[in-house]
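So, here come the structures, one by one.
The two complexes that follow have subunit A in common; it is paired with subunit B in the first and with subunit C in the second.
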Partner chain A sequence: MARHALRRVLLAIAQLTLLSVLVFLLTSLLPGDAADVLFNDKTGTEQIARLRHEMGLDQPPAQRFLDWAKDLLTGDAGTSLTGGQPVSGIVAHSVGATALLAGVTAVIAVPVALVLGLVTGCRAGGRLDRTVTAVTLALGSVPDFVLSLALVAVFALKLGWLPSTWIGATTGDLLTRPGLLVLPVAVLLARTVSQLIRQFRAGTLGALNSGYAQQARRLGVPRTRLLLRHVLPNAAVPGVQQLARTGDALLGGVLVVEAVFAVPGAATALIEAVRSRDVPTVQALTLLLAAAALFLNVAADLVSHRLSPRVEVLR
Partner chain B sequence: MTRPLIEVRRLTAHAADGTALVRGVDLRMEAGRVTALVGPSGSGKTTTALALLGEAGAGVRLSGHVRVGETEVVGAHGITAHAAGVRGGTVAYLPQHPGNALNPARRIGAVLTELAALHAPSGGGRNASRALSRAALEQAQLPPERPVLRRFPHQFSGGQQQRVALAEVLACGPRALVLDEPGTGLDTVTRAALTRELARLARSGPAILLLSHDHAMVRALADDTVVLEAGRVTARGTPEAVLPAAPAPVTVRESGEDPDGGAKEHPEDSGEERPDGTPLLQARSLFAWHRRRGHNVLHDVSLRLRAGECVGVAGPSGSGKTTLARCLAGLHERLGGDLLLDGAPLPALVHRDREQKRRVQYVWQDVHDSFDPRRTVIDQVARTAVRLRGRTVDQAREEAGALLCEFGVPPRTAARPPGALSGGELQRAAFARAALARPDVLVCDEITSALDAETAERVLTHVEHLRTTRTAVLWISHDLRLMRRVADRLLVLDGGGLAEAGACARVLARPRSEATRRLLDAEERGQRRRTALPAEAGPHPMG
Partner chain C sequence: MPDERTRRHILGLAGGGCAAALLSGCDGSASAGATRPRRGGVLRAAFPGAGAKETLDPHKQRQFVDIARHKAMFDKLVELGPTLRPVPRLARSWESSADSTVWRFRLREAVFHDGHRLEPEDVLYSLHRILDPHAADHLAANSLSALDLGGCRAVGKETVELRLKKPSAEFPSLLAVTGALIVRRGYRDPEKPVGTGAFRFASFQAGRSFSAHRFDDHWAGAPYLDELRILSAASEARNSAVQAGEIDYAHEMSPTFARLIEGNSRVALVSTPLSGVDGFALKTDRPPFDDPDAAMAVKLLVDRERLIEVISGNRAQPGNDLYGKGYAYYPSHLPQREQDLAQARRLARRSGLFNRRLTFYTSTVVEGFVNAAHLFADMAGEAGLRVEVVSGPPETYNTDQLTTGDIGNHRCGAMPIPTYISERLLDGSPQNASAWKHPDFDEDFVHAQGIKKETARTRAYGALQRTVRDEGGLVLWGHPDWLNAVSTTVHGVKPAPPNTDKWARFDAVWVD
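Let's look at the complex of A and B:
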């Protein structure tokens, strides 16, 4: 196990290095740079050239990459080209909200999905199973923005129970006003839980019909014990992998939810940075999200490996 | 007369469609005695055995009377509510393919301790359970050490997995054991060792029900034999009285001149015995490995297969027979060397075109997982002809039905999903599925090991028929008796390399390699064992 973990982490570090190169290359491919954005038609080319020199934009790409990487390793993500404030501040501010949304969603989604997945898997074809399957299929198929708007229309506008937007709120307010979280998390949960339940259900079904579950039953293992000790570790494997994918999506892809509820999150900050050619912020945010995705996948792999060590052999 | 431990009276079982699977079986089992249940596949052996646990397949209705210890397991109206109480602690069942019965996510020590604690008479705490689990492991001939206990099932070889499954069964401390076809798929040497161990187990006290079509094993172990045919008991008594006489030993080795030249330095299947024609399938110095190159499971194996020819492959467990088959079938992709079909390179399966897929077909043992559990068997068998030969669905179904009938799988059985077929019936269906492609090369890996003699005969007849239509056959088997019948030439593998190759009759009559001699010795011992069981304590091959 320890060796497997070490190998997996080393691989992740290599991936991260490769990724930082890619992020840098791709962002330097963006048409125009901050100097173009900051100045308009009236500024002379000479001024732009001077600004480029000040910002270090006239250096060769390899040199710029090394400088950037060196600064990153010392914890300095640079200065925003548009606002002049440190990038780390922008990142910290925007990622906080996203991480909170993703975290709350995951904390609710996993136990709910695990229990419902196990129960529906055990009673496949039963009334509960059919109901849950129908509901999750429907929820999973509704686009986020439709669901968001529908929830806002009903709970915020019609009933007035919950706030419909985060405008004016900061990350700090969330803890004192949890009502802000309800609608965005509800939208995120709809898709997350639907996908997770289906994976856990399929895993449970597969494990229950397996030869080892049958043999455990024949050797007199009682039902609850069978489920928890023999079926669950195997049934959870596809769910854990799905969870890592869901985590990626939650961190990077909650744009619609952020846009609808005006959440000052990572996706919003990223779009804003790309629009203003604020390359350091784009790079820092992209790299952070990529690193988080890598981390989640490594964690999922290690958990799967612990649950079912054969996974490694099959690969 | 004392009350037997297990008593079965007028047990019947009906499938969901009303077919009678078991029609009035009576059975008595006593502590310390081995009762063998023999009969062709599909005769109701497993259904009867599972009834002792109060278990029946999906849709199967049991009735009659089954008493285990003091518990009524099956009554006139089917399985009783008390049946769950006998499972494990009183009657424990060892399934036919133990590899499937082990939980891939659990360390074996944890499962053994759990089972021991579950069935221990009055608790006794964790240490007592640990001691019981170690004892069970020892009884199953595995060292009861911590590193072994901490392993996962996939870290054991096939033969060892069988022992682990046996240890799990023994950890429950059952008063009666049901062994379903133990030894299926094991080579003769390992099978002989298993037989010895089971004999020792039988003497240690539990009542044993042995389900087997291996007459040699039944003769060696059983006190009583019950013969089932089509769900009815047709004979009972001692093995000697009931079973047909054992075949006379045929392994008389000749001495003297080799008709086909002197011993070769480096054994190589040159196919010189039949110089006519070009090879249909050729493998040139094939290497294969699993996870790391260099750790080869096959080294430098060459073979030639001509149209209409049958080449046998023999060797102990782990000698690389199945890897060779999987290489030819394109399923093992980590290989070096050349693989040629009609002189053209044959790629791995995913890169083969439809015609190449049709031309090389592979049938293996333990085929259950290769069938979709939701579709009927006949549809899945017929699909080959649709996919690979462009037949219409109706034509394909007709051909498939006829072929399955020839193999003794009636249309009514074939119209069920695979879960409702016995292991032997599925094995034949898998063979039919491959044969329906009208392959040019048919690779058969131990396809008769789960079949009784009569059914195996039908399969062999069809193999011979295929050869008359110029299909080449690679026949992998532990059964040297069948090998003599089907194979023109024989390759003996040992430790991944070719130990010997030559005309089948010559290799088995005048073996030149140690590996071949060992196989022949084990076969001879197996045939002798039908009289008294020798208490020889030979080494136990650990896979």
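Let's look at the complex of A and C:
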């Protein structure tokens, strides 16, 4: 297992290096650069040319990439081309909000989905199963922006129970006013929990119908022990993999949720940086999010291996 | 100073007592001014944000949220009034030499937030900083490039003398452009802003929030509010937050939002008519629109009422292919241009428009651009023209549209008419989207700017605008309203076109 983990880490480093080159190339291929985007009725072409020089955008792309990579290796992620502030600060402020939302969503989603997936899998076809399946299908198919606006309309504007946005809220406010988290987390939970429940339910059904579970039943293993020792670990494998994929999506930020609730998160920062052609910020955010995604996937693999060692054997 | 406070108080009462008259554009509750001004409280104002691009440097401001923030902390020498004429701010008064090349500005007794009194040297330092050749992103640099910095000087403790390289009777208006704010001499660190504005800096986080506290020694008297917070948020969030009472002022709202809050007792709409222009730009430096008949055919086929209904939600006034309706120098005597399909077809046939496919280059850079392009294509189709709509990237649309397509979208906010001509209709203008390049026009404009007598100058500008209206490539079909929303607990917010003195100014605003 240690060898497998080491191999995955080395592969992840190679993937991140390749990704940084790709992101740089793709950003360079976008029409215009940071200086062009600042063009308006007050800036003439001569002023734009001087701005491009100040930003170092008149250097060859390879030179710019090497300079950026060299600085990154010394721990300096660079300076925003458009705002002038350190990129590390932009990343810290935006990723913090997203990590908080993703963390709270995962903490609620995992136990709820695990219990409901296990129960509905054990009672497949029953009333509870049919109800949960109908609700999760419905929630999973409602677009995020529809759900967001509906929740805001009812719980913030009509009933006045919850704040509708994070406008002006600080990190301290998030800790003292947990109500701020309720609506965005509810929207994120809808899709996350629906997907996880379906995966856990399918895993439970598969494990219950497997040969080893039937053999255990024949040998008279008590039902609770059968479920906890034999069914649950195997049933959780697809759910863990789904959780890793959901974690990627949540950490990448959910743009609609960020826009509707004014959450200053990673997706908003990344899109704003791409719009501004702020290459250092785009590079830093994509690398960090990619590193998080790789970490989650490696962790999911290792957890799956721990839960069901035959996953590694099959590999 | 006590006298000045009284002045603010009187102005506040006037704002309350005459609310109905002043808020002529206020759609919402007329109570937005019905109470006596009171000290204290916090105002939370939300603007469209720009993430990390937002800046505290008053000479680099780019977005409305930056401008609002800087307006709270700094002052200009001169601001623009409701008709886009220059009005005094830090400059109490001004006068020029006979040839309009030397200008003297008498300064107010203003104090910076660090206790220093405003002196001519602060003005000179600010102008040098704006025109610093190593700072390419100082917005006012282009407009103030006519300044001969070497010839500018302090005259005593109250007056600054500014010398120009060429005559300009419009110079005070140029000092009111975006980014021409006065900083304390020696100001270098944008993170530590020291201005003469009504609010003192407290905190700032780009793309999120800014807060400032009341400056008791402000030259016009202390503002009513204890604290001003300027917040960044996308349109959906502003919509919800102002209805939920989480913010008190929401900037730049859509006609759809205006319909949504009709009858809402908690939110009022502050609507400012004639806040700019919407239109199309035809490139006149190449076929087919180098022929004025072809351009006129397009101007006559456009159904302005339909565009206003569909694109502006009926919240605009019809345009007459002229910029600046309601502003100084606007030639209001010219008859309104109406749709005339028969004449449009005659001119189109004569100029060969029926024989070619026209490209309309549009983008999602501004809400409504793509819809307006398609609506125009439909109208042109009804007149027998073939128009293909091509959409480009929003980030570089402003630059791309200078060279791409036969037709493009055009939108411009409020600015003085001479500034509009200077920035969009001269050979070297940064945003000459209609590619209107005529040396004789440029010369006439320079001449008009130098005419000291206002009536003669107005006539000269009128002639230039008529030329563009009849021969140029701008189809200016509407003057949209500018919509802001305020909570009904907020008072003293007045309709004002963006970029003018009273717009986004919270000095005289109070909350219940």
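Convention: the second predicted complex is superposed on the first by the 293 of 315 C-alpha atoms of A that agree within 3 Å, B and C clash if a C-alpha of one lies under 4 Å from a C-alpha of the other, contacts with A are read in each partner's own complex, and residues count from 1 in each chain.
By definition in this document, a residue touches a chain if its C-beta (ideal position, glycine included) is under 8 Å from a C-beta of that chain, and two chains touch if they have at least 3 such contacts.
Everything numeric in this text was worked out from a predicted model, so none of it was measured.
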{"item": "First (subunit B), second (subunit C), both or neither touched by A:Gln214", "value": "first"}
{"item": "Partner chain(s) touched by A:Gln59 [first = subunit B, second = subunit C, both, neither]", "value": "neither"}
{"item": "Subunit B versus subunit C as contact partner of A:Pro233, first or second or both or neither", "value": "first"}
{"item": "Touched partner set for A:Thr79, first subunit B, second subunit C, both or neither", "value": "neither"}
{"item": "Touch count on subunit A, higher of subunit B and subunit C", "value": "C"}
{"item": "Which of subunit B and subunit C A:Leu307 touches, first, second, both or neither", "value": "first"}
{"item": "Touching partner for A:Gln15 - first (subunit B), second (subunit C), both, neither", "value": "neither"}
{"item": "Subunit A to subunit C touching residues, read off their complex", "value": "30-32, 36-45, 47-48, 50-51, 53-54, 80, 82-85, 90, 93, 149, 152, 156-157, 160, 163-165, 167-168, 170, 259-262, 264, 268-269, 272-273, 275-278, 281"}
{"item": "Subunit A partner contacts - residues on subunit B that touch it in the complex", "value": "53, 55, 84, 86-89, 92-93, 95, 97, 100-106, 114-115, 118-119, 152, 154, 165, 168-169, 172, 373"}
{"item": "In the complex with subunit B, residue positions of subunit A that touch it", "value": "209-222, 225, 229-230, 233-234, 307-310, 313"}
{"item": "Touching residues on subunit C, where the partner in the complex is subunit A", "value": "44, 46, 50-55, 62, 134, 136-137, 139-143, 177-179, 205-209, 229, 231, 233-234, 236-238, 240-241, 243-244, 246-247, 392-396, 398-400, 412, 423-424, 428, 430-431"}
